[in-house]
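Two complexes are shown next, each including chain A; its partner changes from chain B in the first to chain C in the second.
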Partner chain A sequence: MTGVGTIVRKELEDHFSSYRFVILFALITMVSLITTYMVGISLRDELGGIAKPKFIFLMLFTSTGPLFSLVQFVAFFGPLIGLVLGFDSINRERSNGTLSKLASQPIYRDAIVNGKFLAGVVTIIIMMSSILLVVSGLGLALIGVVPGIEEVWRIFIYLIISVFYISFWLGISILFSIVFRSIATSALATLALWIFFSFFISMGASVVANTFVPINQTSRENPEAVMKHAKIQRAVSLISPMQLYNDSTSIIIDPTRKTTRSLILMGPIEQFSLKRFSRPLNLLQSITVVIPHIITLIAITFICFAISYIVFMKQEIRSI
Partner chain B sequence: MDQKPVIETHELTKSYLNHNVVDNLSFDVKEGEIFGFLGPNGSGKTTTLLMLIGLTEATKGWARVAGHDPTREATKVKRTVGYVPENIGFYSDMNAKENLQFLARLNNIPDSVSSKKIKEALEKVGLKDDADKLTGAYSRGMRQRLAIAEILIKEPKIVFLDEPTLGLDPDGTSRIIQHIQSLSREKNITVLLSSHDLKQVQKISDRIGIMINGKMIALGTLEQLAEEKLGVGDREISLDDVYMKYFQEV
Partner chain C sequence: MGLNILFRKVFFIISLLLTVFICMSASSPGLAKEEEEEDQRLEREISIAFEYPEIIISKGDDITVDIHVKNKGKRDENIYFTISSIPSGWKAKIKTYSFSIMALNISGGDDKNVQFSAEPEKDTNPGSYEFKVDAKTADGQLSSSHTLKITMLEKKKEKGEIELTTSYPVLRGSNDAKFEFSLDVKNKTDKEDTFNLIADAPKNWRVNFKPSYEDKYISSLRLKDNESKSINVVVTPDRFSNAGEFIIPVAVSAGESKAEGNLKVIITGTYTIDAGTPTGLLSLETQQGKTGNISIYVKNNGSAMINGVEFLSIKPENWKVEFDPEKIDKLETGEIKQVEVNITPSQDALVGDYAVGLNVKSERASDDLEMRVTVNASAAWAWIGIGIIILVIIGLFGLFISLGRR
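Our next item is the complex of A and B:
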């Protein structure tokens, strides 16, 4: 592992002194604070006078408020953190001629990729934990409820999943910076992939489901067809890391949710009464429900990392 | 010089899309020697150097650098070789000292040792007064001298210099040439110097190899090459003449 430490150190110094990082951090902190503030205010108003329900602290993260919830925000915007941290990591060195120098020093070539990835992950951890701390602090001040041990654990697990999720995007962007020689190309490619997964997969999922099991006037009455349609739609949308992330974090952060499936063939009144009388999942049960999602998320991170490796190890490094 | 070879290649070949850019190259460089590696643009000099330091893989043949295989024992080779590429790059948002310190760390030289070395090296190459300037603001000549400072920090047994005088003014060129000479004389570093600047190479090279279209078409001391091509006359031998003679034949 010679050289990894040196590279991590330099990369961290670079990240923390770059405008890019400062702007990104400021942006995310701002949005998080605004979101939490609005959610906190509305929670306080709604809960005024009535007995505080369990897990109210977690609602700070899941309640949508007038805009969106913090969890939704991270799911959508988190990838951008990873992408911005990595999209030019290798090809910038290549075009500056510093890659030749790095690669001709007595370090293993993988130390370059590893060092950059690790420094990115550390940056992501620091970013996400400070945001969660700030949000928790503000929430505490607004609703005046101290989180219980289980809630703290759930937030911690949420943090870990988020770090993996954003690291996946970091891995993708590093891969693109290896494959594409031009920085503009790798920036565009990462952006395109992000948009593809954000919007097109969910659209595509319903298109695919509709082709296999068309839902029309007659089949709408048939519960089997409806179920099948929903199943296909889900299977397709699980290609998207965003879906994986959304599913797993919503279970972890919301103990009353018991399944990652969104289709429930029940009327709203029935659902409501069921929710009221059933006990929330305990932490271990929640984790059990989402463990496949988490493993998949980690696996795709490693796969894209492995591809980076294979490509970079064989690549010719010429100072152009 | 009658020493053992520190660089050896045997039928070393690199092809891109079935075209041999380096074609069955066999030569060696002896310890302590300055080897002038000559050839027009596109003749395969850089590609050869890349294969020797493991930045690209040979298609065929083998090479040994300080007794190691550059592909399979890349780190060992990189420990003994200092490589100055054609377009030497520095981190433009760091100053000269920081760039050198990073290089020292990559070579496992602790900061306590390197700080003194960095000062000495910068002084030696005449960059003492610019040590705190960002390297993004360095001129081409300053960058080349900073690259020499890197060599002084790393203290390798062998250096590969790819067109080190390219784009320099006469003053800058002669300074670099002097530095290369002193690396060889004072530290007994073996130098493999690729260039198309004949006059400069002639001044300092112990032996010369001329490469055209991926083939080494001539190899030897300047006198040997002159004898072979021009017949030894009483006029001063110039590498230009020798080179042109070879060039016309291809």
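Our next item is the complex of A and C:
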């Protein structure tokens, strides 16, 4: 692994000094802070006079406030961080002609791609943890509730999942920067993929579900048809990493949520029976519920990196 | 013609009546003279006599008897009384309504009543007693006496003096019930009296008397002579008394007289069934579609045998709750039986806490248990997932080694 450390350090220097990163980071931090501030204010108003409910601190991340919650915001715009960090990492070197110079240095060839990816991951970790810490600090000041140990753990796991999620997009963008020689093409390709997974998957899912189980005036009354419709829609939308991320983080960060399904068929006695003890899930149970989502997210991140690794290693780089 | 005959008859009757009337008025002075001659013969004459010369009383009773005093002569007389013979153990006096008297003034031809009253001492034995009363005029020339005979009998007919009857002397029910007997008390004596109500209850039982249709407890009752009243006897048995027959003697007494009766309560036993878990823990953890097991016990806490205990459950739809055994035919008093409960959540139950109600039911008693069933997510996927991640990482390192160009 000789050389990886050097590459990582150099890359980090590049990242933190580049204007586009500073602008993006500033933008995201600002939006997060504004969101949290609004949520905190509305929480403080809503909870005034109420005996302490459980997991208030986590509500700082999940409650939507006037716009959207922090979790939703990261799910939507987090990928942009990854994309911006990676979309020109290899092909810029190539077009500047620095890649062959780099490869002639006494470092292994894979140290280049590993170092670039690792530097991106480190940047993401620093960024996400600083955002979460600032938001938590702001929350402490705003609502004055100290998080319990379980809440801290949930936030930590949320951080890990978020890092993997953004790293996935980093991997995608590095892959595209390896595959496409032109910077503009890779930028457009990554952007297109992001738009596709963020916007079109959910639309496409309902189109597919409507094709198989049409929901109209008559079948709306039939719970089984509605359930089947919801099932197909969910299965299709799970293709999107954003859906995976949304499902897993919403369970992790909100202990009262018990399933990732949005529609549940439930008899009246079952409903009553569940309401009898409406206890929030413990952390282990929450994790167990969404472990498939988390695992998939981690696995596709690794696979995505592995593909870019293979493609880069097999590529001819000295000739140019 | 007919009218003429009727007229003649009426005239005949009238004339006859006139003749009789004239004859009578002519002869009456002659009769009066004869009476005056008799009066002159008896210038002074007195007599006394008991109204009832022979009396039967029961022991302890005192008597009051009128004495007729007659002045048969023409002169007014002062009559002095002496009781010349008083048997030992008695006190006697002559009185009027309000005071004792020694003498009586009585005008000629008049008669008056005075009262003779006698009172036995407490230890006076039954037997025959004679009282003699002498009456004398003030100058001692005339006297009269009369004897009163009293036969004192042993008390016998006391029981008959109060009558105690009940229409429903036997009641049955469980030991947590209240029993209300209705008693009729009749005062057959000839005087108004207060009657005490007494009951002898088994230990820890409570017996109360109350008037019918009134909600207060009484311990005595006032009855006029020959009056009868209905009272209720409320019997509250011991909560823990066993099944069986219990006799509750009740008595009504006034002074020496007393009436007794027996009330009978048949306790048929209570039916109480209790269910619980040996540890008191009413929660259970299981997974979706997996059977969780818990043991519960069923105990007969009543005082009678319980037959046919069944088990029911209130559970979410698509869940399965099975009992082993499904039914208990007989449960003796105090007996404990263990029942295995198998709860299977539905395959797509949500993770979290569900309430499952268990109902232990027999014909006469039932008990409820509420279980908290925690459905956990299956951890199998977690291990599979971690396996996948490890495989991916191994693959990645494989790539590093094979493609690393070292």
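Definition applied: the second predicted complex is superposed on the first by the 303 of 320 C-alpha atoms of A that agree within 3 Å, B and C clash if a C-alpha of one lies under 4 Å from a C-alpha of the other, contacts with A are read in each partner's own complex, and residues count from 1 in each chain.
Quick note on the criterion: a contact is a pair of C-beta atoms (placed from the backbone, for glycine too) under 8 Å apart; a residue touches a chain by one contact, two chains touch by 3 or more.
Note that this is a predicted model, so its numbers are computed, not measured.
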{"item": "Contacts of A:R109 with chain B and chain C, given as first, second, both or neither", "value": "both"}
{"item": "Which superposed partner A:P292 touches (first chain B, second chain C, both, neither)", "value": "second"}
{"item": "First, second, both or neither for A:T6, with chain B first and chain C second", "value": "first"}
{"item": "Touched partner set for A:I303, first chain B, second chain C, both or neither", "value": "second"}
{"item": "Partner chain(s) touched by A:R279 [first = chain B, second = chain C, both, neither]", "value": "second"}
{"item": "Which of chain B and chain C A:M313 touches, first, second, both or neither", "value": "second"}
{"item": "Which partner reaches more residues of chain A (counting touched residues only), chain B or chain C", "value": "C"}
{"item": "Partner chain in contact with A:K101 - chain B first, chain C second, else both or neither", "value": "first"}
{"item": "Where chain A meets both chain C and chain B, residue numbers", "value": "108-109, 314"}
{"item": "Touching residues on chain A, where the partner in the complex is chain B", "value": "2-3, 6-7, 9-10, 14, 93, 96-109, 314, 316-320"}
{"item": "Residues of chain A that touch chain C when the two form their complex", "value": "108-110, 258-259, 264, 266-267, 269-270, 272-274, 276-279, 281, 285, 287-289, 291-292, 294-295, 298-299, 302-303, 305-306, 309-310, 313-314"}
{"item": "Complex contact set, residues of chain B against chain A", "value": "46, 50, 53, 55-57, 74-76, 78-79, 81, 83, 85-93, 102-103, 105-108, 150"}
{"item": "Touching residues (chain side chain C, partner chain A) in the complex", "value": "314-319, 349-356, 370, 372, 376-379, 381-382, 385-386, 388-389, 392-393, 395-396, 399-400, 403-406"}
